[in-house]
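Consider the two complexes below, in which chain A is the common component and chain B and chain C are the respective partners.
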Partner chain A sequence: MSTRRRAAAGLAISVGIAAGLILLGDAYLMRIATLGAIFAILALGLNLTAGHLGLFDFGYVLYFGIGGYATALLTLRAGWAWEAALLASVVISVAAGVVVGVVVLRLRGPYFVIATFSFLTVAYYVAINWRDVTNGSLGLIGLPAPAIELPFLGRVDGFSPSGALAIAVTGLLVAVGVVWRVVASGAGRAWHAIRDNEDLASSVGLDPARYAFLALGISAGLGGLGGSLYAGYVGIVTPEIFSFGHMVNVLLMVVIGGTGTFLGPLVGAFLVESVPELLRVAEAFRLPIFGIMLIAAILFAPRGVVSLRRPRRTRPGRQLGSSVTGDPS
Partner chain B sequence: METLVQQLLDGLMIGAAYALMAVGLTIIFGLMDVVNFAHGEFYMLGAFVVFQLVGLQGLNYFLAVLLAVAAVGLLGVIVQRTLIRRVRQSARLNYLYATSIVTIGLSIFLQNAAQLVWGAVPKAIPQPFPVEPIILGSIAVSPVRLFILVASMLVIATLALWLKRTLAGRMIRATFQDREAAALIGLPVDRIDALAFGGGTMLAALAGVLLGSAFQVYPTMGGLATLKAFTVVILGGMGSFPGAIAGGFVLGVSESLAAGYLSAGLKDAIGFAVVIAVLMFRPTGLLPAVRRVR
Partner chain C sequence: MSDPPLLEVTDLSRRFGGLVALSGLTFTVHDAEVVSLIGPNGAGKTTAFSLIAGFLTPTSGRVMYAGRDLAGLPPHRRARLGLVRTFQQAAVFGEQSALDCVVAGTMARSEPGLLASLIGTARARRAEAAHLDEALAILQLCGIEQRASDPASDLPYGDQKVLGIAIALASRPRLLLLDEPTAGLNAMESEQVSLLLDRINEQGVTVLVVEHRMEVVMGLSDRVIVLDHGVVIADDTPDRIRADEAVIRAYLGDFGLA
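Here is the complex of A and B:
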């Protein structure tokens, strides 16, 4: 099967599962699926920079938090409607991505890793200390639940578990569409070329800086979308939205699913959201197990679960800045 | 005036421990190109092992410090041998991405394992130092803080001397400058990696023991420590030893002054604001490394 057809099949299956869950009416399963859909948007966004371009943004949930705070402030303080706040949050996140990009995109390799990570941390402390705007560690409480018109479903209210799931899945479909379009376009091919060999790519006339800005902007926008949906779903935004715990979660989704693949982050997101629920019995050991899973995934299945069944091909030697997994698909 | 001197002294004490951590991080980064996200967890482990030995087993404090630093260093060597080396030898992995993820996974594991073993409640390390401050004119210095400053300076000076004078030190510096060339002339770069990772984690553990003696010991103390070490390293210029030492003192003193004159809440944010300013206007840091940037 081609990548496109596999992706389409995967999507159809996940939408089908979501619809099935609504029919089942199990609120607990729907909650897991809703969070899975929201975090899948983030995993897709992180995978754009880390997987497709080879820029390891270890502060990616910065945009998740910015989207969340923007939505909270616009609906609670400015009295905006949820839909308008969502769109504005995405725009604000893209703008933030460009501003951060001006600083971090001059840096390479480990410097980029540390700089993006520092931005996330600054945001965390700003959110805690800028009490006039963010209400400090207590956070902003009581966001209105989202409600939108959807084709076939009519007016969907985010207060009900099935409504929240429908809204999250809609957001995910939009994100999948965007990622699909750009990765299949000339920009996607340029990213892969830059990821695999930056010097060679610029020698044939590709401008790495321009394409890096594009990737960072889109991935920031997806982060903002995820953050806005998350804030609307949980109804509260605290500085914890900028915590490194979220970053680890999203990273785990991308790594477990398969960095640089199309379907991987989607599969990874739902796996990471659901497996810990199965581990509930071992509550105290949940996080240590997460740490071990992260190490095991990168060591034993570096191309993620979506490629486990394919035979390994031998690759030419590693070089810094080369593709994450050696697989340019 | 007295407050200013007092703040500066406090800043120097914390700065010395930051410098220790940052030198450890610089050794690991400069030699192996590993961004060690678990650095703070080795720092935390050092403090907890001393707490265990002194607080629960009743061992002599100074003996416990030596044992803890050695034990954490050994753990560092094991991590390099089992995890980092595996990543370096694998052609299917991007080295930077894979090592970052391995150290992130390690940091989550160690932090939560420590919480399971010792619990989340902050602990205090019993120390042999007198509680009464030493009074010099109008300034008061607590003996434990003086010990932190002196011990850090001594260790850094010894390390600098060791790197300069001994054969192992020369081998480390050669690998630091150019890994491929070092391997080409027959230096055992893999064993040098183990030495560097073990040594780097020992410095982190020592910093943890020292600051843990002055403040409190708890499982999540490493998170902020990792951040501080990154901050110092960016501030000083990545891969630069003098930069790491200077950066440690600059961060310690500026935090202490910020806490004294601005607000205690802003203390932790100030370092990161400085980092972003440095990255914008002087991305190579204050004292950039001469090493070729790869």
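Here is the complex of A and C:
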């Protein structure tokens, strides 16, 4: 129960910050928050495999790119409405995740990392070279801005900074709901068991392959959702969407925030998006700052920033404490 | 013993490159029996367990369980048929609480299924609550209920070994394979494990145990199978095994008979 409350509190704060920024009307801050919300979806998705299942998907932004390209192609070439393209992008990403899973889920440890990274690299070069479809390095330009109906706000339009932020936060809420649901379910328990001891998990009848596919599929779907929202927000999709830079960003968010925790990826995403911006430093200093953040996180908060709040679990001694309830964090 | 055996191992062999770990192992285990598998280090006991539980593929031979050939079935499928193993090293689910570890052991037989559990139907929630109650009862049976909310990795070694047995019990085994349940335990702890195994057997669970401590083996077993260099050299009641010349020679060399 305590996790449920923590998650609700985190969400309320995020929505509150978004609402505050919209009221404040600062377009620059809203831009940071919008990107933060979109990348938080990715961090949540990567955390399903890297944090909960224990397999570090080093090519995770593959699904980000697939979602982005699918949305661009469906809206620009096939003339689909943005909402339909977004849903289709998620479905296509899940399908891609399952196909990639057939290959990579046979592997563990460093082999899994290398195989997933290879898929990402291949996708990057396909996007550059398959010019008929992707328009090569120039990318696909001029995506229609998303627009949705929201309760209280009415029809919001992605061309305005506040509309874009509202849409991104809506996507994030959906992602949080999905992740909360699966992690709190039996699937979450099974993932943790497989992560902590795969042989023991299979010796009591849990099928590691089945649960790994589930994790990879959902995580790919969230990647596709993030990619679709990102493409709609920036209005252009180039092969850079598959770049290692995005991959490093998402990895940093998960590691700095806290792998395998619920709030960690959310906190990490907003830290990684906002800290370099808020310090108002030149683009050139982004990577050194990330490096310092990562080193600081590993030194002072190896379980992520969110673990700083509560010190190492205290012993309840001989009585059964409230932690006896299913706590998925 | 006219019933067909619960477990029937026939001519089971496993080679690792040039090394013959197990050669032509043949034995049976009947329902509700406690059978011990003993033998000097390197006799092939753990290899036999891994082959029976599906963690290794045999080079040749066959494992029949409840009238069914297990060839090609992965470990989790065998576990769902009730054939469950424990591990020689204390094996738990990391920092999850002891209770959560045991709940994880109940997961595979969760009735409402994965989809219902994802959607969070009322039935799935009831099943989850039932699993918690059952897990607590198993911790009580194993005598470590006061550790329920402690992280498993923080438990003393003895309690971790017992927790490993509790996790296995949570999957409701019909045949429990225990790989050295008292290894690394002191005399008192191993006595407790021995009593626990008795209790488990009384509940109708068939037990096949690899064990080094002779007081545990002799006190617990209906039958003892002795392996040496990958071959069965004796298969008899504890009393007769004690007096068996081949067994004494395997353990003590020719000195034992002098």
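Here is the rule we use: the second predicted complex is superposed on the first by the 303 of 329 C-alpha atoms of A that agree within 3 Å, B and C clash if a C-alpha of one lies under 4 Å from a C-alpha of the other, contacts with A are read in each partner's own complex, and residues count from 1 in each chain.
As a convention for this text, a contact is a pair of C-beta atoms (placed from the backbone, for glycine too) under 8 Å apart; a residue touches a chain by one contact, two chains touch by 3 or more.
Worth saying up front: this structure is predicted, and the values here are computed from it rather than measured.
By the touch definition at the top of the document, which applies to A:107: first (chain B), second (chain C), both, or neither?
first
Touch test for A:129: chain B only (first), chain C only (second), both, or neither?
It touches chain B, and chain C stays clear.
Have a look at where A:299 lands relative to chain B and chain C in the superposition and call it first, second, both or neither.
first
A:137 in the overlay: touching chain B, chain C, both, or neither? Say first, second, both or neither.
The answer is neither, since A:137 touches no partner chain.
If you count the residues of chain A that each partner touches, which comes out higher, chain B or chain C?
For chain A, the partner with the higher number of touched residues is B.
Which of the two partners, first being chain B and second being chain C, lies in contact with A:248: first, second, both, or neither?
First partner only.
Could you give the residue numbers on chain A that contact chain B in one complex and chain C in the other?
Residues 315-316, 318, 320-321, 323-326, which sit in both footprints.
Across the complex, what residues on chain A touch chain C?
181-182, 184-187, 189-190, 192-193, 195-197, 199-208, 214, 313, 315-316, 318, 320-321, 323-327
Which chain A residues qualify as touching chain B in the complex?
Against chain B, chain A makes touches at 50, 54, 56, 58, 103-104, 106-107, 109-111, 113-115, 117-119, 121-122, 125-126, 128-129, 244, 248, 251, 255, 259, 284-285, 287-288, 290-295, 298-299, 302-303, 312, 315-318, 320-326.
Which stretch or stretches of chain C touch chain A in the complex?
53, 55, 74-77, 79-80, 84-87, 91-97, 99-101, 103-105, 107-110, 114, 117-120, 124, 128, 132, 136, 145-146, 148-151, 164, 167-168, 170-171
Which residues of chain B touch chain A once you look at their complex with the stated criterion?
Contacts found on chain B: 29, 33, 35, 83, 86-87, 90-98, 100-102, 104-113, 116, 223, 227, 230-231, 233-234, 238, 263, 265-266, 268-269, 272-273, 275-276, 279-280, 283, 294.
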